[in-house]
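Shared between the two complexes below is chain A, which pairs with chain B and chain C, respectively.
Right, the complex of A and B next:
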């Protein structure tokens, strides 16, 4: 550019080169942020188009209600059971791990923290294998709902832990000091000052974990022994959950079952969108409150 | 000076890691009076009051040596629980730090709730008394259930003082309590200090010499971690014994 010149005059004119670069960069950023939105819209559109007449929520609901506990409705209930169980296990574990890492005396825990953060990036199939070996075989839980919930809990625990950790870290130290100065013990400060202040962040992490557990199929296939039975599944069967139901129905020949699959997909996608939006809202409110002070 | 000192500091030194912040501080803090600690930034005045209620040791790598006696008992003895000590020695910080998730009322009661104690005269009485003591009662009596972060900075700071008073401490440590307040809010806190004099032993850190002159009975001048001079406030500001004190209060440095 101007290298080699001994002296450079700075004019007040336009900056065509930098201007152009800035605009290109902005365009790339816009494209990058639009891409997932467009893909999601196309996906939902395609699903709805294939299942003609399903745009109406009423038709969807009727279809869902009419499917009976052995079909789609059963799988939705199965999913609710599984996810509830999974979250009851994963949230205390994840928040506990985060509290340990961000506790009053944080030293020499970086290795542990790194490991937990890495766990969040392990492919879910591996968790399926662990679940199969540990819960199904070693602990003799069999191909059960309990084994599936434990496997999923293992999978989402790091997500909860990472989110809870950053939420705890965002609590200003002044609040902790205020608690200590009033004569509270570290435990009292953590429970009554730090946790309430970090709650919105922890909750949004928990919601994302719920969404993940709700949509996960691969580890459940492992835990349920890869046997997609043709006989209608029963409640409490780990394979009788929404993502696996969609998968199973699609693998089955014939058009009649396809509609079932599409309704399943719409319910799945819809639930995930609602959950993510909720998590985002919580986090947004939390951030605004913090910045507002 | 009155007979028995409330606090007796003897050869107190403090470190952050290898860095020495305080160097053998010794002096007596008289009971029920206001003692100001003045000095330029980084002279160790905040560290000093954090050593009195053992907040200093909460920071990793922090270390203390020497004695701080509260009514004759060394607070650094192994038999002393820092939590118990902090019940008797309250603290107000530079930046107002009410608990944002709690209501105004709950903030006043926070000290008692945190430690699981019942308010001696009932919750309502405690809240009213503490808020009256900081002249905040009339401003907030109709919105006690509102969140504390809806108050102005000056009100928040007075709320923090009320919160500290609600646990009925004997000593109140104040770390530049007006540093983030506007002049009007500062004046109100200074008035409040006048009201509290005689009931509490107050140690106030300030970088504002006029404030020290206005509110305090005794003043200690800190410089580079040493106590240069400790005297009656009148004497410090009219005929200081040390050249460095004189230079500082006349604005030659700092």
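Right, the complex of A and C next:
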């Protein structure tokens, strides 16, 4: 399938006016596709309403500001540390694996691709158990920020690798050949021609990976548990992170106010929306530029 | 270039680690470190909750896929599809929060025989979580059906509905089943919703109106208590086998889809 064909729509558009049953069915389908969005919005509204009744906004703000590293604010900062560390590890690994897969022919490549695809099948809790065994126990990192970041990096590395792979594959071969024709070595072609051309795709994959790492709670629960006292910026310390903070509030009601969980949810969702919009814009712009060639 | 090879080796290492985890699960089975609830009931609980979620999400997801792939004008599709995909990306802890703070109590109020922690509440929220996956991937499957097939059917006098039913859906069926299996795998491996909404740590049973303990909720609860529970590995092994099975089916079907392109 060529590039132009894959972008052409296959659907036949709206139905002829006289096809009544078809039009009714199409309306049912429209309702079904709107349903999840509407239900999610309603549920979100219900949660916010529950939260609004619990505490005055000003009291809430003061409490959040005064809660220090144990509270919500501390956990957001912890999450930022964790995600940056995780991304710094995951991007080189993911892009490296993608370059290896898309590079000149090597043995065992299809097996490796299958392997990466299968890793996406592994539930995230199990990554937590691997992290627990590998980093916390075998490497003696303890329930630390470093162990948590390494575990998350394993989790998001396939995301980066898959995105980078498709971005690399979209780079036209003419560019590579032009590089070789000018006498560049394979490494120079990769670094100066292929990677810059694939950068938007790689970047949008990386942003999706960040969004995933920011919201992931299950593996962190396995790796670090809830025994968290936090002084950020120390690699060896346990780290309080936002998803776990929300989980803690929900799983052990009474310890902290439920409002914390709701504010945490708003922060998580806001981050998701911003990151997704950014990734989508990057991809969109890239596609437009590519098709304009 | 050596660095590339090393980074490419990481998935392999991970797989080795997973196999180690499997062996460790099998080992702890041998030592009879079984979950207190019994492995069988946890597996069944997982299947009940995930199956119920799929049963709710599949028809709606399929209709949504039909709309996105067949009826929607590009203008409407352009914002509807990203909106659905955004739903798929919502952190699961948020879904867990919604399940435990809104859906559970609401169900209990409407239908008092449903407990606040119930398999049903977890299933409903899981259905919301996996619906975008089913819709989006099924739509991709519908789009791989060549336009010529549809046009041939329409030229023979079929209405659009008949064409969908006789030509497009059967041709896309492997892809749709694969999408469903991926969604099932996601539902089975989901931890936060299961821990917060499905199980309450005490009861063991399969009645979705009550609390249902699942493989992942056991792990979540064990981690909450303090991490040193060998039965976690047994549950992890069972979960890994289940989700690899679901993915295996999906993978095989997707590969067969190639006959149209």
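The rule is short, and it goes like this: the second predicted complex is superposed on the first by the 217 of 293 C-alpha atoms of A that agree within 3 Å, B and C clash if a C-alpha of one lies under 4 Å from a C-alpha of the other, contacts with A are read in each partner's own complex, and residues count from 1 in each chain.
Operating definition for what follows: a residue touches a chain if its C-beta (ideal position, glycine included) is under 8 Å from a C-beta of that chain, and two chains touch if they have at least 3 such contacts.
Since the structure is predicted, the reported quantities are computational estimates derived from the model, not experimental observations.
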- Message: After the superposition on A, what does A:117 contact: first (chain B), second (chain C), both or neither?
- Response: second
Partner touching more residues of chain A, chain B vs chain C, is chain C
Please work out whether A:182 is in contact with chain B alone, chain C alone, both, or neither, and reply first, second, both or neither. first
>> After the superposition on A, what does A:196 contact: first (chain B), second (chain C), both or neither?
In response: first
Request  = Would you sort A:174 into first (chain B), second (chain C), both or neither based on which partner it touches?
outcome  = first
Query: Does chain B (first) or chain C (second) touch A:273, or do both, or does neither?
result: second
Note: in the complex, chain B contacts chain A through residues 53, 55, 58, 60, 83-87, 90-91, 93, 95, 97-102, 110-111, 113-116, 149, 160, 163-164, 167
Within their complex, chain C touches chain A through residues 1, 3-8, 10-12, 14-15, 17-18, 20-21, 24, 59-61, 63-64, 66-74, 80, 82-87, 89-94, 96-98, 100-103, 106, 128, 131-132, 135, 142-143, 145-147, 150, 154, 159-161, 185, 188-192, 195-196, 216, 219-220, 223-224, 226-227, 232-233, 236, 239-240, 243-244, 246-247, 251, 261
Counting only contacts in the complex, chain A reaches chain B at residues 104-105, 107, 172, 174-175, 177-185, 188-189, 192-193, 196-197, 199, 289, 292-293
The residues of chain A that touch chain C in their complex are 1, 9-15, 19, 21-22, 25-26, 28-37, 39-40, 43-44, 46-47, 50, 92-97, 99-101, 103, 112, 115-119, 121-126, 128-130, 132-134, 154, 157-158, 161, 187, 208, 211-212, 214-218, 221-222, 225-227, 243, 246-247, 250-251, 258, 261-262, 265, 268-269, 272-273, 276, 280
